[in-house]
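These are the structures, in C-alpha cells.
In the two complexes below, chain A is the common chain; its partner is chain B in one and chain C in the other.
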Partner chain A sequence: MSEKTRFRLFLLFLLGPTIVLVLAVVAYPFFYNVVLSLSNMNIYHIRDWEVIGLQQYAAVAREPAFWSVFLKTIIWTGVNIVFHVGLGVFLAVLLHQKFIRGKSAWRVLLILPWALPQYITALTWRGMFTAEYGAIDIVWRQYLSLPAIEWLTQPGPAFAAAILTNIWLGFPFMMVIALGGLQSIPAELYEAADVDGASEWKKFWNITVPLLRPVMIPAITLGIVWTFNNINVVWLVSNGGEPNDQTHILVSYVYEAAFTMYRFGWAAALSMIIFFILFAFTQVLLKRTKATEAAY
Partner chain B sequence: MNASSFDSKRFLGRLGSYMVLLVFALIAVYPVTRILTISLRPGDRLLSTSLALFPDDATLENYRVLLFETPFLRWLFNSILVSLVVTVTGVAFASTAGYALSRFKFAGKGAMLSGLLVTQMFPATMLLLPLYVVLINLQLLNSYLGIIIIYTATALPFCVWQMKGYYDTIPYALEEAARIDGCTPWQAFYKVIFPLAAPALVITALFSFMTAWNEYVVANVVLQDTNLFTLPLGLKLFQGSLTTQWGLYAAGALLVSIPVVLLFLVLSRYLISGLTLGAVKG
Partner chain C sequence: MRSFSIFALLILLLSGCGSADDGRVKVRIWHQKIGAERAFFEDAIAAYNAAHTDRVVEILYRENEELRNLFITASVGGQGPELVFGPSDNVSIFALTESIRPITDVLPDSFLASFNEDGIVQWEGTPWFVADQVGNHLTYVYNKALMPSPPTTMDSLITILKQVQARDEVRYGLTWNYTEPFFFIPFLTCSGGWVMDEQGNPTLDNEATVRAIQFVLDLRDKHQLIPAQSDYNVAETLFKDQLAASIINGPWSWAGYSDAGVDYGLARIPRMDASSDWCAPVISAKGYAVNVNVNDEKLSYVHDLLVYLTGPEMQTRMAEEIATIPVIDAVRNAEVVQQNPVLQASLRQVEVGRPMPTAPQMRQIWDGMRGPYQLVMSGTISAEEGARRMQEEVEKRIADTFL
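And then the complex of A and B:
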C-alpha cells in the first residue's frame, strides 16, 4: 500500500463516522425538509402527498398570526439579549474590581442559573408564577402590595413571564464571557487613565467597552441565534402557548403546527423561513464585524 | 478633610458593589431554594403561601413516594442509558473528526467546517419534522435508536469545533517526533495527542451528556410510551394540566439537577476557557 492510500484510509477512518452521521441526520433531513416545504403533506396526506410548488410559503405569509408571532419573536430576542448583555457586563465589571473578596464563590453563585437544566428552570418558574401559591405572586401582592396579576392566564403577562425566566437563565453566560474579556485588558491602561484623572464612567466607555467588543460580538451573535431558536423556555413556561396560543415565538409556533396540528408541508415551509432569517442575519452581522476588525 | 471625604466615597462605592452582587446572587439562588422547600412539604400542605426555606413540618415523604411509587427510577435508568451512549459516541466521533480537521489538508475541509456552523441556525423543527416522518415510515417511533442518533448529531457540531480548536494549540512537532520514533499516524494520534487533549475531551463529554440529559422537545415527539420516558418527559408528567404534583416534581427536579449542576460548576473553568479560545480564534 502506498503512503498516499494509507493516508487516505487514515483520513477516512477519522472523518468517516462523523460524515456518515451528519449526512444521515443533518443533510438528508435538510433536503427532505425542502421537499416537504414544497408539498401538501399533512395528517390527511401522510403517504399520498405530492409536490405543489411554493403554495405553502404563500400560505405562511398570508396567515395573520405569522406576522404577530414574528413580531413577538423579535421582541423576545431583543429584550432577552439586551438584558443578558447588560446584566452580564454589569456584573462582570462589578466582580472584576480589585477589592472584591471571594471572587470564585460569587462566580459560582451567579452562574447557577446557567448550570441548572433549562427545562427544570422553565417548569420551576412556571410554578413560581402560579396565581396565589406561586412565590412571585406572593412577593408581588403581599410584600410589594402591587395589584394581583394573573401571570399565566393572560397573554401579555404570560409572555412577560417567559421573558423573565429566560433573562434569569441567560445572563450568566454573557457575564462569564465578559469576565474572560476583562481579564485580557491590561491594567496599565486604567492606571494611565487614573493619572490623567479620568472618571470611572469615562474609563468604562473609553477603555472597557471598546476592548470588550471583540470578545462580546461572537458571543452576542451566538446568543441571538440561540435565543431566537430557544423553544424550551417559551414552550414549557407557557405550557405550549397558553393562554390560547398567544405566547408563541416562531420556533414554538412551528413546533405546534408540526406536532399538534400535523400541518407538515406548512411547518416545513415555516422552518425554512426561520432558517433563512437567521442565516441572512448572521451573514450580515459577521460581514459588518469583519469590516470593523479590519479598521482597527 | 479632602482625604476623608474621598475615603468615605470609596467605602460607599465598595459597599454598593457588594450589595448589588448580593442581590443578584440571591436572585440566582432563590428558585433553587424554592425547589428544595416545596420538595420537603408534606402532601397536604403543598398549596401553602409560606415563603420559609424549611417548612415547619418538613418531611422526606415526597422523596419516598417518588422513588418507590412512581416510575422515577425507570426514567432515571433510561436517561442514564441514553446519555451515556450519546457521550461515548460523541467523544469518539468528535475527537477523531476534530483531529483530522485540525491537522490535515483535504478537499472540502472549509465547506465541512462552515457546514457544521450553519447547522446551529436550524430551528428545532427543521430536522425534527423530516426525521419524524422518516421514523414513522420506518416504525422507529418509541425507540431509543432514533433519539440517540438525533442527540449525537445535535451535539456533534459544537464538539467537533471545540476539539479542533484545542488540537490547533498542540504543536505539530509532537507528532513528528512520535513518527520519527516509529509510531504509525494512528499511534501518534492515539498515544501522544489524544491524552494531551484531555481538557477538551472533558468538555466534549460534558456537553454531549448535558445535551441528552436535559433534552425535552425531541423526546416529547419521539417517545410516547411512559415506560420509555427520559427524565425531562417524566418530570413534565407531574405537571398535569389539571392537578400538579408539586411535591413529586420538586423532589425529582432536585435529584436530577444536583449531579449535573455540581459537574457543571466544577468543570465550568474549562468550559469558559474553551469558549473564549474559540471566540479568539474566530
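And then the complex of A and C:
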C-alpha cells in the first residue's frame, strides 16, 4: 500500500464518523422532508401516504394566512435584528471606553440574558406581561397611571410582547461579537485620527464601523437565520400563537400545522419554502456584503 | 425503504430494545397526570416495582397535547411506550393512525365485565381504551368563607356574586380560564347549543352560541363580575388568593385549593333560567391504551400492569385518596364513594354532564373554537362575529386536515 493510499485511508478514518453522523442527522431528515413535502401525508394517510407532486406547495401559496404570517416573520426578524445589533454595538462601544469602571462585572451582567435558558426567560416575561399579577402590567397601570394594555390578549400587543422578550434575549450575542471585533481594531488608527483632529463620531463612522463590518456581517447573517427560525420565544410568550393564531411566525405556523393539525405533507412543503427563503437570503447577503473577504 | 429500515434498526439498537440493563423487562407508560394524582400514581408504580423483581415500570410525564402528538409520532415510527394514559378523546386519533391495539387484545372479557359503560371507550365499534376514572369535568367551586351557599340558577348567580363582590376583599365574583374553549362549553350547553351534530359536522354558527357568548360578555362588561382578562394561572391565583369568590375548574385542581387554605365547596354549574337547562360540562374517561408495537412477548406484563392499575382495588384507593370517580360499579356503590361528600358533589355534576365525543373532528373543533373564543373574551369581536368565526375556523380546519 502506497503512502498516498495510506494517507487517504487515514483521512477517511478521521472523517468517517463525521460523514456518517452528518448523513444520519442532516442529509437523511432533509431528503425525507423533501419527499414528505411532495406527499399527501396527514392524519388520515399517516401510514399509507403517497407522492402527489407539488400540490402541497400550491396549497401553501393559496393559503391566505401564509402571506400574513410571512409578513409578520419579516417584521419579527427585522425589528429584532435592528435592536439586537443596535443595542449590542452600542453597549460594546460603551464597554470599550476607557472611562468605564468594572468592565468585567458589566460584561457578566449584560451577558446574563443570553446565558439563561431561553424557555425560562420567555416564560418569565410571559408572567410579567400577564394581567392582574404581571410586573409590567402593575408598573404600567399602578405606578405610571397609564391605560391598561392587554398585552397577551390582543394580537398587536401580544406580538410586541414576544418581540420585546426576544430583543432582551438577543442583544448580548451581538454585544459579545462586537466587543471581540473592537478589541482587534489597532489603537494606532484612533491615534492617527486624533492627530488629524477627527471627532468621536467621525472616528466611529470611519474606523469602527468599517472594521467591525467583517465581524458583524456573519453574526448578523446568523442572527437573521436564528431569529427567523426562533420558535421558542414566540411560541412560549404567546402560548402557541394566541390570541387566535395572530402571533405566529413561519416556523411556529409549521409546527402547529404538523403537530396540532397533523398536516405533515403541507407542513413539510412550508418548511422547504422557509429553507429556500433563508438559503437565497444568506447567499445574496454574503455576496453583496463580501463578508467572507478579508478586511485588512 | 431499505435506508429507512437501516435507520430504524440503528435507532432500535441505540434504544436498548426495551429491556432494562439488568435484564428485567421494561414497561413504559407516558401519562399526563398532574398534582395529587401524579404523586399517587408515582407511589403506586414504585410499589409495583418493589413487588416485582423480573420487571420494571418506567413512567414519563408529558403535557396532554405533547403526549398525544409524540405518542403518534413514536408509534408510527415503530417505537413509543407500551402504555399511554390520557383522556378518552385521544382514542379516535390513536385508532385512526393505527397507533394502538384493541384493549381486548390484552384484557379478557371477564375482567372488563366489571366496568360500566364509562370505563371501556369504543370507537367505530372497537374497544380501545380502559379507564381508571371518569370525570375530567368542570364544576362550580366556591369559597365557603365568602359564599355560604352556592347559586343554582344563573340569575341567582348574578345576584349572589354582586353581593359578594361588594365586600372590599373580593375583587371578582367568579373566574375561569378564558383561553380554552373547554371552559366555554357549560355556557353553550345551557344556552341550547352543542359543538357538532351526529355526523360530526360543527354546529356553532347559530343563535344558541351567540346567546352563550353574549351571556359571558354580560358577566364581564355589564355586571362586571368576572375579570377583564384571565388565563388558567390567573384564574387559579385569584381563587387561591381569595380575591375571587368562585371558580369554574376541574377535579385536578381541588386538592390545590385545600393546600392554599381555601375552604371550598363543590356545586353544579348553575342552570340557565330561561331554558332550565343545567350548564353541562363535557365529561370524559381517563385511562390507558396499548401501543400497537407491543409484541406478544410483552403482552402478559402489560396485562398484569393494567389489571393492577385499573382494577377494583386501585380504583377504591384512588377514590379514597384523590377523589376520582370509579368506573367499576361495585366500587362506585361502595361506602368509600357514597360517604365522601366531595365525590358525591362531583358525581352530581357528572350526572348532568355531556359525554365528550370521540369523533376525530373534536380536535379541529377545539382548535377552531379557541381563537375566536379568545378574541371574544378580549372584547375584540362581537358575539355574532365570534359564533360565525368559530364555525368558519372549524370547517376550514376539518377541510385542511384532508390535504
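In this section, the second predicted complex is superposed on the first by the 277 of 296 C-alpha atoms of A that agree within 3 Å, B and C clash if a C-alpha of one lies under 4 Å from a C-alpha of the other, contacts with A are read in each partner's own complex, and residues count from 1 in each chain.
Assume contacts are C-beta pairs under 8 Å (C-beta built on N, C-alpha and C of every residue); 3 or more make two chains touch, one makes a residue touch a chain.
As the structure is a computational prediction, the values presented were derived from the model and not from experiment.
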Based on the superposed arrangement around chain A, label chain B with chain C as either clash or fit. clash
As a test of reading the superposition: which chain, chain B or chain C, is in touch with more residues of chain A? B
Taking the superposition as given, does A:Val25 touch the first partner, chain B, the second, chain C, both, or neither? first
In the overlaid three-chain picture, which partner chain does A:Arg263 touch, first (chain B) or second (chain C), both, or neither? second
In the overlaid three-chain picture, which partner chain does A:Gln154 touch, first (chain B) or second (chain C), both, or neither? second
Where does A:Asp245 make contact in the superposed view: on chain B (first), on chain C (second), on both, or on neither? second
A:Ala131 in the overlay: touching chain B, chain C, both, or neither? Say first, second, both or neither. second
Which superposed partner A:Val237 touches (first chain B, second chain C, both, neither): neither
Tell me the contact category for A:Leu38 with respect to chain B and chain C: first, second, both or neither. neither
Using the touch definition from the top, say if A:Trp106 reaches chain B (first), chain C (second), both or neither. first
Across the two complexes, what residues of chain A are contacted by chain B and by chain C? 24, 28, 46, 132-133, 239, 259
For chain A, which residues count as touching chain C in their complex? 24, 28, 40, 42-44, 46-47, 55-56, 59, 130-133, 148, 150, 152-155, 239, 242-246, 259-263, 265-266
Chain A contact footprint on chain C (complex, rising order): 3, 7, 10, 65, 69, 72, 76, 93, 96-98, 178-179, 227-231, 233-234, 237-238, 360, 364, 367, 370-372, 374-375, 377-378, 380, 397, 400-403
Contact residues on chain B for chain A in the complex? 14, 17-18, 20-21, 24-25, 27-32, 34-35, 38, 47-49, 51, 92-94, 96-97, 99-101, 104, 106, 112, 115-116, 118-134, 136, 149-150, 152-153, 156, 160, 185-186, 189, 210, 213-214, 216-217, 220-221, 232, 235-236, 239, 241, 244, 246, 249-250, 253, 256-257, 260-261, 264-265, 268, 272-273, 275-276, 278-280, 282
Taking the touch rule as given, give the residues of chain A at its contact with chain B in the complex, in rising order. 6-7, 10-11, 13-15, 17-19, 21-22, 24-26, 28-30, 32-33, 36, 41, 46, 87, 91, 94-95, 97, 99-100, 106, 108-121, 123-128, 132-133, 135, 138-139, 142, 168, 172, 176-177, 179-181, 215, 218-219, 222, 225, 229, 231-232, 235-236, 239, 250-251, 254-255, 258-259, 264, 267-268, 270-272, 274-275, 278-279, 282
